[in-house]
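To keep things simple, chains are lettered A, B, C, D, E and F as they appear, and every chain counts its residues starting from 1.
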Amino acid sequence: MDDLEEFARYRKRMNERLLSVDNLGIKRFCALDSRAYEKGALDVGTKELLGLVASTFLRCNDCIAHHVIRCVQEGVSEAEFFEALNVALVVGGSITIPHLRRAAEVFDQCKATGRPTH
Amino acid sequence: MDDLEEFARYRKRMNERLLSVDNLGIKRFCALDSRAYEKGALDVGTKELLGLVASTFLRCNDCIAHHVIRCVQEGVSEAEFFEALNVALVVGGSITIPHLRRAAEVFDQCKATGRPTH
Amino acid sequence: MDDLEEFARYRKRMNERLLSVDNLGIKRFCALDSRAYEKGALDVGTKELLGLVASTFLRCNDCIAHHVIRCVQEGVSEAEFFEALNVALVVGGSITIPHLRRAAEVFDQCKATGRPTH
Amino acid sequence: MDDLEEFARYRKRMNERLLSVDNLGIKRFCALDSRAYEKGALDVGTKELLGLVASTFLRCNDCIAHHVIRCVQEGVSEAEFFEALNVALVVGGSITIPHLRRAAEVFDQCKATGRPTH
Amino acid sequence: MDDLEEFARYRKRMNERLLSVDNLGIKRFCALDSRAYEKGALDVGTKELLGLVASTFLRCNDCIAHHVIRCVQEGVSEAEFFEALNVALVVGGSITIPHLRRAAEVFDQCKATGRPTH
Amino acid sequence: MDDLEEFARYRKRMNERLLSVDNLGIKRFCALDSRAYEKGALDVGTKELLGLVASTFLRCNDCIAHHVIRCVQEGVSEAEFFEALNVALVVGGSITIPHLRRAAEVFDQCKATGRPTH
């Protein structure tokens, strides 16, 4: 899971850089972003699946890696995981297939190493 | 709910036109599209929320109207509905706001006239 | 074919407005845009199908109407037309379906009224 | 300027609907959105041009109408306005042309009726 | 052509992983995707050019590599290849230029090593 | 700043390849692209910020690196730089965050090595 850990370190370092900027808008946006995935009327796993499908449509591999890790942490099953990706595939088309490959790869890496805890 | 009914009629008429084309690929795709939202490991309401969030990111008002109607039919609550839209808003940015307005409008129209059954 | 004619008039009037602006970049871009569809190693019909598929992915109904009219003028057959749209559908996903409906509608309007000549 | 006024009324009514939802994330996002265009190191006109170019890339006519009105209110000149749109055109391609037509139309409507004040 | 071969291996391995999932929708979608490029009213080369232009608009380098390889296999000429990319460039704007660079690079790699046969 | 220099070399080499193609449309587009950022009613720094925001919405890291380098060359301040990125973030949503990380990284690299002059 080396590249996931390297990605997590880079992500953490650069997020801290962004939050060090004297710009209240950026700080507040990042706070909003975290809060959108907290438990409410919908549970956290469902929200992470929404985030995963969103990232797949918008075709952002960094975001996909993040949401796959979070889905695994929340105990999303393989069947649920791929049903959500199937919605993404049908709505977003074959252009999403490279991102399904990436999502499956990260999912398998997380499973192979136990649930990630960072 | 006049414009929703007009939209539903236009949608039905043109879908039949598409399915009348001698093109197996288009026919099969439409079948796949319907099946992606059927009950599986995830329930239908969750899948419709995935479809709603997808349509909001991809900024397609026709698709939004369709998934809002389906969400209401599946008994998605107002709190669940807007939490899903909040994920769409945070991930997709203010560019999605015109589509949140449209989604809220259709949601209110459905509620005002009872659950749509078509 | 009233709405197509109204669209054509609006398009013509506003294009003239854009070209009246004292901005060389905009003028040159519009010239490049026209030239991209002229006959070269690829014939005009093929280029219009490329433009149609592009407009469908990018989900622009005005551009779709324009390229459908041009395809009909160039003698693209119904089978060729829907095969190109099927590529668009598979690559772009169900989000393109509302635009396939629109493309089919304009195609039928053009056929019903004879080949458009404007 | 009737359709702009109708759009403004619809926009206001539905924004109030969105803010009436018991969802803190949506409320905070809308506040962030307004604040992003306030004067800072960059002046308001420049920020509105950034918003206009963004809306043109992302191809949202409602957002374009909003930012054109704001640009005119901030005294952006015709030359500045179309230079910004030329950047949008070159970066975003001919797919943005329908939106340049709309932007020019709203710009002319604003100029014809004096600076909008709402 | 080392990186193309590595990409082909990764693509093959992960496609097999996706097809191993117990999800009928994903399996059927992948079958539809292959069939969309088979000979019909349009020849295979034209369909691959449609796929190439689509991939360039949607800015997916993996898909671009795949369709460039297929175009070369189908005997698409350099003039046809770049005319199709010019349509993509004009419709999609300068944002597609990094992908034209990638397409040209893969095209040259294919030519330098003879037509790829895998 | 090694990877930026490698990127600049690759970019230069492949741009020359594209311009070597016997295709007038591609040559003219590249000329238009350069000219869109020249001083006019708007100054060069403002135009580069427009290009940066565009690249961030459209999520193209190569284009972001190019415009960040140009912004630093034009003397854009850190406050102006992040205010423009904040507009991009609010309009484009959290999907732009990976690109804000990249923009900040390139900005810091440019500052650390003095203003780039190539």
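Going forward, a contact is a pair of C-beta atoms (placed from the backbone, for glycine too) under 8 Å apart; a residue touches a chain by one contact, two chains touch by 3 or more.
Note that the coordinates shown come from a computational prediction; the quantities given were computed from them, not determined experimentally.
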## Note on the structure
Co-neighbours of chain B and chain E resolve to A, C, D, F
### Query
Is the contact between chain B and chain C built from the same residue numbers on each copy (over half shared) or from different ones (under half shared)?
different
### Message
Based on mean C-alpha positions, I'd like to know which chain lies farthest from chain A.
### Response
C
### Task
Enter the angle, 0 to 180° in steps of 5, of the rotation superposing CA atoms of chain D on those of chain E.
180
### Task
Report back the single chain whose CA centre is most distant from the CA centre of chain B.
F
## Note on the structure
The larger set of C-beta contacts, choosing between C-D and A-B, lies at A-B
#### Entry: Rounded Å distance between chain A and chain E, as computed from the means of their C-alpha atoms
27
#### Entry: Computed distance of Cα centres, chain F from chain B, in Å
37
### Task
Find every residue in chain C that makes contact with two or more other chains and list them.
25, 29, 32-33, 36, 54-55, 58, 79, 83, 86, 89-92, 94-95
### Query
In their shared complex, at which residues does chain C touch chain A?
89-96
### In the complex with chain F, residue positions of chain D that touch it
32-33, 36-37, 40-42, 46-47, 49-51, 53-55, 57-58, 77, 79-80, 83-84, 86-88, 90-92
### Query
In their shared complex, at which residues does chain C touch chain D?
10-11, 14-15, 17-18, 21-23, 25-26, 29-30, 33, 54-55, 58, 60, 62-63
### Task
Over in the complex, which chain D residues touch chain C? Could you list them?
59, 78-79, 82-83, 85-86, 89-90, 94-95, 97-98, 100-101, 104-105, 108
### Touching residues on chain D, where the partner in the complex is chain A
24-25, 28-29, 32, 35-36
